[in-house]
Amino acid sequence: MKVLVVMGSKSDSHIAERVTKVLDEFGVDYDVEVASAHRNPEKVERLAKSEEYDVFIAIAGLSAALPGVIAAHTIKPVIGVPVSAKLGGLDALLSIAQMPPGVPVAAVGIDNGKNAALLTIEILALQNSELREKLMEYREKMRA
Amino acid sequence: MKVLVVMGSKSDSHIAERVTKVLDEFGVDYDVEVASAHRNPEKVERLAKSEEYDVFIAIAGLSAALPGVIAAHTIKPVIGVPVSAKLGGLDALLSIAQMPPGVPVAAVGIDNGKNAALLTIEILALQNSELREKLMEYREKMRA
Amino acid sequence: MKVLVVMGSKSDSHIAERVTKVLDEFGVDYDVEVASAHRNPEKVERLAKSEEYDVFIAIAGLSAALPGVIAAHTIKPVIGVPVSAKLGGLDALLSIAQMPPGVPVAAVGIDNGKNAALLTIEILALQNSELREKLMEYREKMRA
Amino acid sequence: MKVLVVMGSKSDSHIAERVTKVLDEFGVDYDVEVASAHRNPEKVERLAKSEEYDVFIAIAGLSAALPGVIAAHTIKPVIGVPVSAKLGGLDALLSIAQMPPGVPVAAVGIDNGKNAALLTIEILALQNSELREKLMEYREKMRA
Amino acid sequence: MKVLVVMGSKSDSHIAERVTKVLDEFGVDYDVEVASAHRNPEKVERLAKSEEYDVFIAIAGLSAALPGVIAAHTIKPVIGVPVSAKLGGLDALLSIAQMPPGVPVAAVGIDNGKNAALLTIEILALQNSELREKLMEYREKMRA
Amino acid sequence: MKVLVVMGSKSDSHIAERVTKVLDEFGVDYDVEVASAHRNPEKVERLAKSEEYDVFIAIAGLSAALPGVIAAHTIKPVIGVPVSAKLGGLDALLSIAQMPPGVPVAAVGIDNGKNAALLTIEILALQNSELREKLMEYREKMRA
Amino acid sequence: MKVLVVMGSKSDSHIAERVTKVLDEFGVDYDVEVASAHRNPEKVERLAKSEEYDVFIAIAGLSAALPGVIAAHTIKPVIGVPVSAKLGGLDALLSIAQMPPGVPVAAVGIDNGKNAALLTIEILALQNSELREKLMEYREKMRA
Amino acid sequence: MKVLVVMGSKSDSHIAERVTKVLDEFGVDYDVEVASAHRNPEKVERLAKSEEYDVFIAIAGLSAALPGVIAAHTIKPVIGVPVSAKLGGLDALLSIAQMPPGVPVAAVGIDNGKNAALLTIEILALQNSELREKLMEYREKMRA
């Protein structure tokens, strides 16, 4: 089980860190890449088609095509994190959430890298009882 | 593997049908329930805590608390479908997408029940090679 | 007569203080709690079902389910205060205001803890002539 | 105990009917008036200052000043119902919700006359055990 | 010819100064008042009914009822200046612009006190050739 | 005293009729023209520079440059009426209201031709006692 | 000189027709294709890389990645037409306009296929005097 | 081949610099002017009618009429750059993008002067093989 965390621009790395911090905490294996759907579509396509990853977390601001473009090249779950670069991130949220019927992306909240990681872990936990237990502990701690 | 499709109100059933049509097409087992997070929170909690389901698809309009309330009671993936009841569905989209850090919901597009089903299938396909094949065929047909 | 002031996150405490400052000024008894509808729904439910409180003031940002979830568990008046965490608070305002028919929440303005307290006092003053007089004095002072 | 239901324009009467239908169901006494804050401010002021009413429900679209203007002349609770005349009712919702600190209005959802009535009844039920019982029955029925 | 510049709160005085700076420049006589439509409606009404003023400039943020309430009490032109207190001023702009048919307010841009003053001068210049000449000079200077 | 009512497109004529109906009612002289700021700027400029008119009412949808372009060529008051062609008229409202400091336009509400006419009459009434009386009668009738 | 008109979905064909009607009128050669950036990215890439076309007109609703994805694969001008499928087309407009620095797309208005065609012709006319003359005639006719 | 970069106000010069930096990098000849569509329409018209320029880049905030007014006076391509002065630049984006059918403007993203320059170069490159090569190198560098 491995996750790809990909951001559209190096300027999104503060959001990527919120993702990897949680993945580290849960001991989930991952790679991190910078690849823009618009500036480097070949790299995005190559990453999306990699058989290595179970879940993709794509972080992008503005027109935020990255999660959708990845989703176009894989049948693995793709989670999109809209980044607040302009308009408070409303542009990125709409771009990520409003995917056309047929190619789904799972949108989390604006700048909410933490929830992208947790959603990923919930997905991976369906086939991993250790992750399930860690998730339950994590939830338990939040309650305290 | 079983999915719960839950809508906040009977008036959301046209969206639920878009979900179940795709689940049927892929032969995924599911239950359908009507349960409002505000009018019947006990039922929502009971459903959310059921061990029977692997993925939850929650359909709701307006303040659309349903997906988040389910997510609060489970560590299984929860997919939220915002319904366009007022303001073109912007209210529901923001309510579903803007979850606080710690409890994730996967938002799909406004009224986009089809993508909620496909995202569910992508998640289930991680541990089911038959679903993976069907997904690849499905994508192939879309291309034609 | 007692009020519960509950915030979804400790980071909302600057708004809670605007509430309690006014309640103190009017000599209204209250408790303050931190309880997230998503991270600690059991606590929220327990608080909402307490017979001790006449009015609930629920403070929350983002998808801001807290006021609605409290309202789902009580027939006492629930006042929601949207907090400007993202998108200037528009997300929280819509989540709080756009409740489905059947379970009301009284929304006040974004970050407007003061008005949540004053609305509470107006409600309590219906059965308390001393509060009515204080409210009239308060209004009188605002005019000066 | 008596409620004033006031609408800014005769064209809002379909929303006023949603209010009065619920008030009738609960046996709450009320008057209905048409009075525009802009076209007939004297009437609005006279109504707002009437000692006869315990709660005001003010229904208005567009710039929707009615609830706020009533609130300016009373210390009784004022509930505002935004009407979707333009922009899906976002204009009216913001006008009603974004009251300045000092003079509260309780906003309910766009076109949501039903919740304005129920919120009123919750307020009145604080001093009326019969209304409390009816509210609990009403909630019970919603669950079914 | 005299203008009343009225702001809903002392915190709007930086916008009022943009107005009076231009009125001073053109030698137009004016008074400045602080009067909230919600906190001090009697004062607002008294000012609006004064025969002394030819044009009213009303400055307000949030639900921004001030220009409309003045317009309700006068048949003199009322110019409203929305202030960016929350949501970038969109709430105030909609409240001021979306007046109901029958009682007009002239909205200028968010925080745009300068244009409120210039619009006032254009109105007064219809019956004052000196102001017309000054306006033409002012425009000429802007071109340079 | 004469008014120019100019619309950006023939498709705006239903709004122009709301304007002229009120001007007729008050016996105010006017011309009506169709002239697009983008398709026929020369005509717009020529009309704007005409000495014949005291007030301009400019009706436009979408990017709605018409009122601003007229204002650029005259020091007479210009009233802009945003038309709801797309996005509920929000685009036109922002284009008309958000004029840069230096060249004012008076924005009225979306599709609110009636208020454009009444604002015009309020302006003209400053120098016409007969119009003042008619306005007072008009207001009186609205109250009834 | 040849133009590619590509729409993301067959349901956008009413907008494509507005484009081709104008291209026909000016005698500009073009092809029309249906190709979704999400459902058929290979086809989109192949079309974008074709040496045959001078200008691309890409029509898409919702998250509207099509124009940006084409732009990622070509250095020819790409014009994006947002379609009003949800939220009045605001989602598509933001997706198309808010491209990241480095890969430009030229956004025209929502559903405004006509302007996409005219912008294309203006671009082609830079190297074609016949098109320039036709454009001048076209403008002349609009003035009449 | 020459480009005119025109900004509506000196305060937009930080955006103009993003444009000229890229034009310099590609060795494209240009002039820079400050000219407001509202404060100095004659200058704007004169510039727009100049035969000297092949492409116009117009930078403006607020109601942002500049690109449209230039487009009204030329059949050369006009690129509009919305500036975030108020409301995060949404007002300027809508004003620039929502041009009426018949007179096109090419909108780029909010504050995105870089893309305005690159779009210009893509247009000019259609008739200049050296620019085409430089564009391909530029793209190649972005990939690295």
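In this document, chain identifiers A, B, C, D, E, F, G and H correspond to the written order of the chains, with residue numbering beginning at 1 in each.
As a working rule, a contact is a pair of C-beta atoms (placed from the backbone, for glycine too) under 8 Å apart; a residue touches a chain by one contact, two chains touch by 3 or more.
Everything numeric in this text was worked out from a predicted model, so none of it was measured.
A.B. asks: Would you indicate which option in F-H, B-G or G-H repeats the interface seen between D-E, with over half of the contact pairs matching by residue number?
C.D. replies: Repeated interface of D-E: F-H.
A.B. asks: Which chain pair shares more contacting C-beta pairs: B-D, or F-H?
C.D. replies: F-H
A.B. asks: Quick one: report the Å distance separating subunit A from subunit G, using the average Cα coordinate of each chain.
C.D. replies: 31
A.B. asks: Suppose each chain is reduced to the average of its Cα coordinates; what separation in Å results between subunit B and subunit E?
C.D. replies: Computed value for the inter-centroid distance: 51 Å.
A.B. asks: Based only on mean CA positions, could you tell me how far subunit B sits from subunit F in angstrom?
C.D. replies: Distance between chain centres, rounded to whole Å: 49 Å.
A.B. asks: Using mean CA coordinates as chain centres, what's the gap between subunit E and subunit F in Å?
C.D. replies: Taking the mean C-alpha position of each chain, the two centres sit 18 Å apart.
A.B. asks: Would you mind listing the residues of subunit D that make contact with two or more other chains?
C.D. replies: Residues 36, 39, 62-63, 86-88, 90, 97-99, 102-103, 109-110, 139, 142.
A.B. asks: Inside the complex, what are the residues of subunit B that reach subunit G?
C.D. replies: Residue list for subunit B touching subunit G: 84, 88-90, 109-111, 139, 142-143.
A.B. asks: Sort out for me which residues of subunit A touch subunit H in the complex.
C.D. replies: Per the stated touch rule, the residues are 36, 39-40, 42-43, 62-63, 86-88.
A.B. asks: Which of the residues in subunit B end up touching subunit C in this complex?
C.D. replies: The contact residues of subunit B facing subunit C are 8-9, 36-39, 41, 45, 61-65, 68-69, 71-73, 86-87, 90-92, 94-100, 102-103.
A.B. asks: Which of the residues in subunit A end up touching subunit B in this complex?
C.D. replies: Against subunit B, subunit A makes touches at 54, 75-77, 79, 93, 97-99, 101-110, 112, 114-116, 118-119, 122-127, 132, 135-136, 139, 142.
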